[in-house]
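Presented below is the structure to which this report refers.
Residue numbering begins at 1 within each chain, and the chains themselves are lettered A, B and C in the order written.
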Amino acid sequence: MELTRENIIKVAHLARLEVPDERLEPLRQSLSQILDWIEMLNEVNVDGVEPMFSVNQEQMRRREDVVTDGGYAKDIVANAPGGAQYDMFSVPKVVE
Amino acid sequence: MNELIKLNLSQARDKLLKKDFSSVELTSAFIKQMEETRGLNAFITETPELALEQAKASDKRIAAGSAGIMEGIPIGMKDLFCSKGTLTTAASKILSNFIPPYESTVSQNLKDAGAVSLGKTNLDEFAMGSANITSAYGPVENPWKKQGDNAKLVPGGSSGGSAAAVAARSCMAATATDTGGSIRQPAAFCGLVGLKPTYGRCSRWGVVAFASSLDQAGPMTHTIRDAAIMLEAMSGYDPKDATSIDISVPNYESLLTGNVKGLRVGIPKEYQVDGMRSEIMDVWHKGVEWLKQAGAEILDISLPHTKYALPTYYIIAPAEASSNLARYDGIRYGARIEGEDLTDLYEKTRGQGFGNEVQRRIMIGTYVLSAGYYDAYFIKAQRVRRLITKDFTDAFQKVDCILTPTTPTAAFSLDNPPTDPVEMYMNDVLAVPANLAGLPALSLPGGLTSDGLPLGLQLVGKSFDEVTLLNAAQVIETAANFQGQVTQMRKAS
Amino acid sequence: MTTYIEGATGPWEVVIGLEVHAQVSSNSKLFSGASTEFGADPNSQVSFVDAGFPGMLPVINDFCVRQAIKTGLGLHAQINELSVFDRKNYFYPDLPSGYQISQFKHPIVGEGHLNIDLPDGETKAVRIERIHLEQDAGKSIHDQHPSKTFIDLNRSGVALMEIVTMPDISSREEAMAFVKNLRSLLRYLGTCDGNMEQGSMRADVNVSLRRPGAELGTRAEVKNVNSIRFMGQAIDFEVQRQMEILEEGGTIVQETRLFDPVRGETRSMRSKEEAHDYRYFPDPDLPPLRLKPELIEEIRKTLPELPEAKKTRFVEKLGLSPYDAAVLVSDAEFADYYESAIAAIKQQDDKAPKLLANWITSELFGAMNRDNLTISESKVRPEGIAELVDLITAGTISGRIAKDVFLQMWESGESAAQIVKEKGLEQVSDDSAIRVCIEQIMAANAGMVDEYRSGKDKLFGFFVGQVMKAMQGKANPKLLNDVLKEMLDGK
């Protein structure tokens, strides 16, 4: 699968990764190569085979509806880049 | 070199309980060694003061007769396990200032068992790599060298710091994690025992996630007995991890019998991959012989989808990672690079905070999940994954465990590692099938290359049957007498 | 029943589908043990899981699962024994993990329906496509700083049920009726408090137009409408907007729009319109959710009588009008009040249930509206209003007097019997006392009596009024009527 520059730009934006211009071509090449190699899977006949998303997972345990967590706003915001204000995180203004 | 650091874990434990020396003495010896081997870059963060405090507490518990199963043993902690109050980086710039306000379940279990943590070991960034060269804190050097050649070698990855530190005796054992060979491959490269338990055996809570359906923590040690002890300390059902399994943890050490009489061991023909060196084949054959001599029954088996495991892995793992790593956005913790607006902040923070390999995998993962490609890549891979798992299920009708080499090569040059990503990924070609199927797998040193580098043998077992792996491995360990092989080779040269 | 809107170029059919987000009533969040209580200090009800910290993992709340099942059963829906949680991936500051845990391919509840009443008295079944469980996001606060948006994650991880209808709704009235009925149902079930002001319920409204019988048109989705009134306004605006575009030969753009309550209009959210690609995939942190049939049956047994069944019973067994019955069942608290009152009635009388319904829907609701009180705040309790009705059916007081008694009960909280006794309001049902009074009135108005007798029947009311006035309204009206007629007719 040969990816285009546009593919790379689009995927990088979806993943919120800034890719400098000079990195575009090497990235395009290596990703194309990896995808080419992955195409090997086309040889495998998977007709009627269910996807397997996880292992050993017959039953999901469920917890009781009890408040056991929270109540530590200071810990939540302790690592906030640039510090917290009013115990909240901040980002550049989002216009809706 | 202080004699104390030459001991293995079970020996040190016995002597600590007999009060031949204290944990403070033992820990001090390792702290000194950690300092002396700093050139390997095996640790990102050293915590000697904390270690000595913990050692003091251990000595008190030993004196009080309330020692845990790893009481006073100094270990290294892969810097993927969140440690409350201690910098935890995942070897990434994006977490360069992250102090977790919580402790991972596995590291807490180890603390509760009395283990003393010397610091946080280096790794490939977010555990993505097979040579420990993607760390934002610089590469780790393997303490092993080829005979007569001073060139630096890689320790393998992603748990390269843990492997180098144990091999250099800067800690007695170390934690590691294995998503696609990240415990076993570095263990093989550094002449150690590395055990990836069954998926669900060790809690993933508080471990920085790479690929959630594959990640599993495990021990890296000098001996099989050490691995058995440490596995017991790390394991256990955790209600905070919905994928953790509620099966009681056996006392693995007490179940070590060294007996493999009648054990059926499968040898899969598909594990003889292209370009595998004859030395590796030789060690594999020796492994077969050792088990046979101990009374095991050797059977040829087929795992027909083996060659598809690696490309399958390189769809599933990056897909999960692309989503798991979305939380590193510079808003709540970690590094932030300001931007003109929110999108710019995201893209700069992530573009500059993640290294190239991590970005490459996020890109692959994002691509294979995106509209129009999801079925062709992601779903297809999950179907092939079922076939790979079925190969094992079928094989385990006939055999009790499977013996293979761990890696297709020995440790390679640190200064000239493969630049081609697919070539690098091939390191894990023999390791990833066990991750995809969630099976326990163990690597132990089996022999040496002609130029004196360790080679690993891998055992793969049935779900939650780590005991069989440990017993088969112990037979090989005894027969191989790896330390003896090393001494002999060094004498000969 | 399909209603059409007459445009300049012909009739249009309005097609509406709703996606209602209803907050599950629960103590703790869907995947963490943090509290869900409303109005707490910023980030005080946030666990490291809710804030998307490294290595944190979700564990599902069993009660939220049961609540979703209960809701599904209340909507006569299929409960899926196997459902799967997926990650919906997108970047937004109030979404800490970079993905929302939701259910995409395999929701917990499948197809069902909810009936609504149409103005012509018919009922219409609006089909439910699915209900899935998902996490709410945090809150972005834009107005506290000139150049920054603040993020409070208290809501992050709170359990929501997304209830999705088929495009079966064809007018603003139907849409509003649907949401009202749904809210009432959820309150009956106790699965959502339906509190739209606090954001416990909000709707995404999908609106499109088509020519009668034609293929579905392109829709616009109006996001996060948080009151029933706003929903009506948003639909009106959208219908007008789309009709104008279509009649001028234009095309509707499929897009997300935002309702502006101040201007009463919707506008395009172009800033958010960049190509979305949510990359849904099963959350590898959460095994599939498997439900045992026994659990579903266990929950089915706990279902209360639902509004529709209750309404039918009120009409068929108690003889209420469909309208009164609908008003009383529209809110579980009204229905409970009414049924408690019925239970407290002592006087055997077939008219009592109907009379009670009238007193509740007219006098009680009137007083509640006037004083802006809820039914639970009313000093007149069910037993009190039952006593009042007993006094009426027993003939102790007249309906007219009862209105005054009710007002005093409403103000003072005193019992009806007490008020009647203290003020001597008992009805006079004594034949002779009434006759004496009528004789006096007839004597004083001899001319009028003659007029009446010469055929001016209308004057009957005048005499009733005069006698009532003289007897301070206490005359038994039926008796008064009978006796007055007899005496005026001179028999």
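Just so it is clear, a residue touches a chain if its C-beta (ideal position, glycine included) is under 8 Å from a C-beta of that chain, and two chains touch if they have at least 3 such contacts.
The shown structure was predicted, so the numbers you read here are calculated from the model rather than taken from an experiment.
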| item | value |
| --- | --- |
| Higher-contact pair (C-beta pairs counted), A-B versus B-C | A-B |
| Chain at maximum distance from chain A, centres defined as averaged CA atoms | C |
| Interchain centroid distance [CA atoms averaged], chain A/chain C, Å | 41 |
| Rounded Å distance, chain A centre to chain B centre (Cα mean) | 24 |
| Euclidean distance of C-alpha centroids - chain B vs chain C, Å | 59 |
| Sites on chain C at which at least two other chains make contact | 48, 51, 59-60, 91, 93, 151, 277, 279, 281, 284, 286-287 |
| Numbers and ranges of chain B residues touching at least 2 other chains | 98, 101, 213, 239, 242-243, 322, 326, 329, 331-333, 342, 346, 366, 370 |
| Shared interface positions of chain A, touching two or more other chains | 14, 16, 53-54, 57, 60-61, 63, 72, 75-77, 89, 91-92, 94 |
| Of all residues in chain A, those that touch chain B in their complex | 3, 7-8, 11-20, 27, 30-31, 33-35, 37-38, 40-41, 43-44, 46, 49-57, 60-61, 63, 72, 75-82, 89, 91-92, 94 |
| List of chain C residues in touch with chain B within their complex | 48, 51-60, 87, 89, 91, 93, 96-99, 151, 277, 279, 281, 283-287 |
| Sites on chain A touched by chain C in the complex | 14, 16, 53-54, 57-73, 75-77, 85-96 |
| List of chain B residues in touch with chain C within their complex | 81-82, 88, 90, 95, 98, 100-102, 104, 204-209, 211-213, 239-243, 319-320, 322-323, 325-327, 329, 331-333, 342, 346, 366, 369-371, 374, 378 |
| Touching residues on chain C, where the partner in the complex is chain A | 26-28, 32-35, 41-51, 59-65, 91, 93, 140-142, 144-153, 258, 269, 271-272, 277, 279, 281-282, 284, 286-290 |
